[in-house]
Amino acid sequence: MVVETVGRALTKAPRVVIRGIGDLLGRRSAPVGSPPGALAIDDSLPPPRISVMARTAEGVIERETDRIDELRDAVGASQLSWIDVQGLGDRAALEGLAEAFGIHPLALADVVHTSQRPKVETYPDHDLLVVRVLALNEAGEMEVEQLSVVVGASYVITFQERYGNILDPVRRRFRAQLGPLEEHGGDFLAYAIVDTVVDGYFPLLEAFADHLEDLEEKVMARPRPAILTEVQKTKRTLIMLRRSVWPLREALNIMLRERSPRFTEAIHPYLRDTYDHCVQVHEVTESYREVASELTNTYMSMVANRTNDVMKVLTIMASVFIPLTFIAGVYGMNFEHMPELHERWGYPAVIGVMISVGLGMLLFFWKRGWLGDGRDDP
Amino acid sequence: MVVETVGRALTKAPRVVIRGIGDLLGRRSAPVGSPPGALAIDDSLPPPRISVMARTAEGVIERETDRIDELRDAVGASQLSWIDVQGLGDRAALEGLAEAFGIHPLALADVVHTSQRPKVETYPDHDLLVVRVLALNEAGEMEVEQLSVVVGASYVITFQERYGNILDPVRRRFRAQLGPLEEHGGDFLAYAIVDTVVDGYFPLLEAFADHLEDLEEKVMARPRPAILTEVQKTKRTLIMLRRSVWPLREALNIMLRERSPRFTEAIHPYLRDTYDHCVQVHEVTESYREVASELTNTYMSMVANRTNDVMKVLTIMASVFIPLTFIAGVYGMNFEHMPELHERWGYPAVIGVMISVGLGMLLFFWKRGWLGDGRDDP
Amino acid sequence: MVVETVGRALTKAPRVVIRGIGDLLGRRSAPVGSPPGALAIDDSLPPPRISVMARTAEGVIERETDRIDELRDAVGASQLSWIDVQGLGDRAALEGLAEAFGIHPLALADVVHTSQRPKVETYPDHDLLVVRVLALNEAGEMEVEQLSVVVGASYVITFQERYGNILDPVRRRFRAQLGPLEEHGGDFLAYAIVDTVVDGYFPLLEAFADHLEDLEEKVMARPRPAILTEVQKTKRTLIMLRRSVWPLREALNIMLRERSPRFTEAIHPYLRDTYDHCVQVHEVTESYREVASELTNTYMSMVANRTNDVMKVLTIMASVFIPLTFIAGVYGMNFEHMPELHERWGYPAVIGVMISVGLGMLLFFWKRGWLGDGRDDP
Amino acid sequence: MVVETVGRALTKAPRVVIRGIGDLLGRRSAPVGSPPGALAIDDSLPPPRISVMARTAEGVIERETDRIDELRDAVGASQLSWIDVQGLGDRAALEGLAEAFGIHPLALADVVHTSQRPKVETYPDHDLLVVRVLALNEAGEMEVEQLSVVVGASYVITFQERYGNILDPVRRRFRAQLGPLEEHGGDFLAYAIVDTVVDGYFPLLEAFADHLEDLEEKVMARPRPAILTEVQKTKRTLIMLRRSVWPLREALNIMLRERSPRFTEAIHPYLRDTYDHCVQVHEVTESYREVASELTNTYMSMVANRTNDVMKVLTIMASVFIPLTFIAGVYGMNFEHMPELHERWGYPAVIGVMISVGLGMLLFFWKRGWLGDGRDDP
Amino acid sequence: MVVETVGRALTKAPRVVIRGIGDLLGRRSAPVGSPPGALAIDDSLPPPRISVMARTAEGVIERETDRIDELRDAVGASQLSWIDVQGLGDRAALEGLAEAFGIHPLALADVVHTSQRPKVETYPDHDLLVVRVLALNEAGEMEVEQLSVVVGASYVITFQERYGNILDPVRRRFRAQLGPLEEHGGDFLAYAIVDTVVDGYFPLLEAFADHLEDLEEKVMARPRPAILTEVQKTKRTLIMLRRSVWPLREALNIMLRERSPRFTEAIHPYLRDTYDHCVQVHEVTESYREVASELTNTYMSMVANRTNDVMKVLTIMASVFIPLTFIAGVYGMNFEHMPELHERWGYPAVIGVMISVGLGMLLFFWKRGWLGDGRDDP
């Protein structure tokens, strides 16, 4: 299961994938000037794999099918059905599904063009929730996927870009009719799905915390340009994360204020709960961005510190030896009449003067506190 | 077609034109103190070339004309007409057109004085939408043009500064009566035009991403003042871009809240879609500005790093040789009584001492980690 | 008592505990994908210790018990009861209590999962207030604990993570029926509890002020990387503090606007008073964060200053002695025809020239103001 | 005319006057503790020179007078009168005028104490508009003046601090009854005046653009402290400009929302137009402030670059010659037993070694890319 | 009188007192956990000195008394009474006064605990205005004092921490029944008091302007750490100032929107006037904070400049003499076979070479523009 994999990836190699500047933009499938609602299928995505879970009087029925009429029958015969579509790589299947359930062309376009901002939109016959699934893969890299949820009168349809098991926990709870999913309708199912996605942001934040602590240690120990690059890329990944959370927070806020007919009064405290989690994720993300900004300052300070250390070594060496070399130079002059040269005590006296001058310089630097080793002493 | 040119320009030379500070202001045509509504025609613009496309019971009719009465007849005989005016260089033609269709003097002034902020204004007989067309030309440079859209009861008039084919995709769809343009009125036509303009911002953002990644690489590889200048000019171009998008977002938001009589309920989800795209462009623009700001910091860090590297080389050279030179200086003194000078082992011993001191210094620097090559090692 | 301990800790060792980046996130107990309202008990917390204080016609009765029916009886027989639960480490006891008093499952989950943002939530039968208790422990370190207050019709239940006496002042006032607690209901008791928690933030702020002043002195006296690290960690602790205060301010504001049925008109000025204190704490926290940011700048400036001082010493030493060494070198050349070498006045003349050159250089530096000792002189 | 002078000043010497920190505050005439409405006349201002232009059935009548009753008669006999007061240096005249037209004491105080924020205030009998006239004088320096406009039922009174012709364009249009001034009332006259003032901000912005581009070039070419000072003073002048524009934008917004009885429906699109111009000026001002902030960063980068260049020269010189000097020193030692000294090939061999070492060092630096001239090469 | 003293202090020694980080918090008298409304008297404050001024039919009566019943009689017999309490050091007197005039316990607590944020609170029987008096004392230092104004039906009570004459101008106007104080009630008196306090902020701002200009000059002339410290402390004092003004602006805004029964319609334009002054003070304060922030940047730039100058001197000295010393070293070598040594022209030739090399180096530096004196030349 993905969630457990994330856990394992974290304990093994807490690392967040680093992204280039272009990734801040995301994919956009429809070419400029296409009519609205024109679908530009991304061929790299797998063909849809459709499954349905339906709560009927006899219990929960599960089936995997790609026949639209079968899906429609299943929905018709149940109290509440959950159609899960994984893979968006087939235009005909998606358009068939949309037609069968009366999904608005713009809603379908938002489902297919997978770099939407998270949002909630109310159409006459259904609501559309778009959220972004962020997860660490087995290599510990952050992966972004769009999850679209269409909430109709007696059905919920989820669309994922690729095959995946991110929704397995919800599936288990729906199968067992656990918690509020037992008695309530599609609004509670949609809530459970969105809540599971938002819960998945927290292990990510933990990975970021580890990554930033790791970077901080490296900056303090040995500031190198490569670390600076990594700090900035981490900052960009955090911007990505914020852009996944902030609009969702807004969207949930709108849902709480202007409730759609398909969302009952009873869901209110639950949505508020998910809203609170979004706010928390957003706040922590902002704090981490501040930390990443600080790291750039720390980097600069560390480099300045090291330059200062290098300077001190140079200054001490040069200041101690330059005067001594001068003295040696004086007595290396070839004047005929330099009385000191001919005295017995000349050489030892000059050596003595040199030692005094050298020690004097060292004393001067010691008083200035320059003779520490330039490292940090507590 | 422009759009394809943009694509080609991008694959060839992804480059965004760099602008001076003065361009942040833009042109302003009317002299200080002119009466409101006074038209100051920009003579550098070409004379208007007017074409009309009209949806009639018999199909879509297209005509190119410069006679106002012909235009009025075409509009009168059609369900929906689209008058496209390219070039704003002739006062009489524009005033004639404005009079024939009852365009408010202030609206006409906004059309003619082409550095307006994007906006939506509702006049009694028509609405005025002002948007800014941003496109990369064949040389890969960003060009800004104002596109004004007057939406009347049964007609839409578009005004462009120069001859151009930016609206060709909409023209094709209108000609073929594709999508929602088939049955709906001027509001959908206006929407299709604005949506096409906003869609055109995305290739621009991609060019910016490439440009910033290019600059980042250059800063990391070899920080030079010229790159810093380019970073700052890119930042200014991004400010330009933001100033084209942000007010449009506001304007669309106002349109969604306070709907004008000429905009039907059915256009609501479509405008919301364009609004979403504006928000996305704006968010990405802000992210890019942050990236550009970071680059200035990186530049400073890289220069500091290099100064540190230079310092290390100097310190190592000086610290190794200055003591050696001192020793040589000592034995170059001309004292008569320097016993070492007369010993057989004197010279080799001193050479030995020198080698020891030199190696000692190198060992000291190696322990400090200064003997790396000053470049980055992972 | 804790409060006094805080006072003592402050006078002895005004120090604020420093936190890592991961602490900005906080604990989250429920695993990803759990159903809402699922309780994930934190086993490290102690088992609940429950006490009840009830105001009856005969006076205030106090009892410690773990039998739910006893609690229910006590509440039933009193005008106003305060049930205090310390320790959240036993699922059965908490669920029993929640069932007995009709606490909403989501409210109970918020009580148990102790890293909620401060908030006020109105449920049909009760209100939930979540605040964060921040206190300095005996070692002078900041400790964070969640305090949840459930306000029902005739009872108030407080939940604390661990055993503690932070609420003792309120307990004394309730016992003595002091001030507005004498006549008013649960709203005033809840207010008194929250107000006590907010009052507890002020000694913390004083400790921060001392800590920052201490850091500032250290930065000015001797800038070392360790101090920079401490400054940044202090900044993070301030972010923690802000995240405890800001949402509480919002929550109180909401309480003032949309009053729940359990909060009477008379509580209005009291809540406004607590709101004012939150605003004040928040403003001071923001000011301290600005001060901490300034300290990073000061650090950089101090390092730059010191590098400048080091440079001056090197420059003075090198500039004075390098020309002298050159002169000595000239007269150390072995040319046969150097007339000066053979003159009696040669040696003293050269020494004179050397002294002149040396003094000239010193005069030059003195005029530039470089001969100060590099320290600060007023 | 001022406007043309501005144009000339710009083409000749595009320069914006630089202001000290104290100018950010502005003058305040009334001493602390004076009663509200107490007038503190600024004696340095010239005595009022009053003229009236009145639109009557017979045409526009113009007269210059200082007799209050004559003014009142002129206003009484006309459809719309414009009284222009230039110079605020005489208390009696101003109080007489205020009494004759029922101007509120606080409004008169705002007129006289000329460092008000731009604002719009509605009094029972009239409205007061306060705007700040910013203009470049003949020397190209920015001058600030307060223009107050009192809009009554059938009259408009303008107050200027000094004699000036900033309103001449409006005067000409009123005289000729051009544009909307022909038929409309005092609201349109007031609008024309404010619009002329706002139009006057644009040449100023152009001057700022030139000035900033000039500063940027200087910073890139040769960073000196004096340029930094100029950058910061420019920033302050931009703050001044923003403080003239931002409140006006707010005030116009208030006028658009809460219309006073003296402002008709027809003025709405016109005010919206001026509002748009204010927004544009404000946005450009903010962009320029960002540019000025960037310049400080550029300055720092340029200085760091130059220090780096200086370092490189020093390092190259020292690193090449220090080892050579050491070698020379070795063979300058006076040991008796140095076999090389007595060989024929000794001297040329050592010279050869020296040349090899020197070239080796240069090769090392050339490989590091340090042998460029330290300037920028594209 | 204080106001004049301020003026004198400014002309003599424009200096603003510098505060530590702890002062940002302010005093808090009540211990943690005290019941709301509990009074913690600050013993360091002087005992109350109470005076009353009453407007009666016979004129204005003034009396100094400490008997509560006398005060009550005076108020009962007058149209409007102003009770001025200076000194807050006596619990009994304050509680007696509060009881006599029905002051709410929380209001009294706000009066006594003197580090409230400025605010306006409406209680059933009276309003409470809290403002902060900022003044320069004779030594030119900023002093902060809380002034609380209780506005009842026919009386106004002012509470000051210490004896002082800040309200003397209002007292004179009340005594003389000048301006709107003649006919209006307690609202106008309260307004006059608050307005006087706000007017007192302006001389303070002037002092700040002088101080910042002084600091700027010092930074440019000779950047020393002590100046940096002073800049940061000034910034903190500005934060203090902002925290005195911003909440007052908010409070006045609330007063303008939700008028209390004791504030008449006629006071509206007057309050708006004071509100405008607050906005102006706030804006200027923010500008000054920006200026102070810039000064830190300037400091850094100046230090970087100076390091650059020092580097240049070192580089010039070293680069000129190091090659010369090398040449001297070559001819100081003791090889037997160095033909140049034995030539007559050897010595002068070498001296010539040395002069050429030295001049060549100087020419090289002159071309680089390094031979300026390192100071600024225009």
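Here the chain labels run A, B, C, D and E in written order, and each chain numbers its own residues starting at 1.
The rule we apply is simple: a contact is a pair of C-beta atoms (placed from the backbone, for glycine too) under 8 Å apart; a residue touches a chain by one contact, two chains touch by 3 or more.
From a predicted model like this one, the values you see are computed outputs, not experimental measurements.
Note on connectivity: the fewest steps through touching chains from chain C to chain D is 2. Distance between chain centres (mean CA atoms), chain D to chain E: 26 Å. If you average the CA atoms of chain B and of chain C, the two centres end up 42 Å from each other. Residue positions of chain D with contacts to 2 or more other chains are 300, 304, 307, 311, 314, 318, 322, 325, 329, 332-334, 338.
Circular chain order, beginning with chain A and continuing to chain C, reads A, C, E, D, B (contacts as defined at the top). Partner chain D is touched in their complex by these residues of chain B: 20-22, 24-25, 28, 30-38, 104, 106, 110, 116-117, 119, 121, 123, 222, 224-226, 228-229, 232, 235-236, 239, 243, 296, 299-300, 303-304, 306-307, 310-311, 313-314, 317-318, 321-322, 324-325, 328-329, 331-334, 338, 340-344, 346-347, 350-351, 354.
Residues of chain D that touch chain B in their complex: 3, 168-170, 173, 178-181, 191-192, 195-196, 199-200, 202-203, 205-206, 209-210, 212-213, 216, 220, 269-270, 272-273, 276, 279-280, 283-284, 287-288, 290-291, 294, 297-298, 300-302, 304-305, 307-308, 311-312, 314-315, 318-319, 322-323, 325-326, 329-330, 332-338, 369-370, 376-378.
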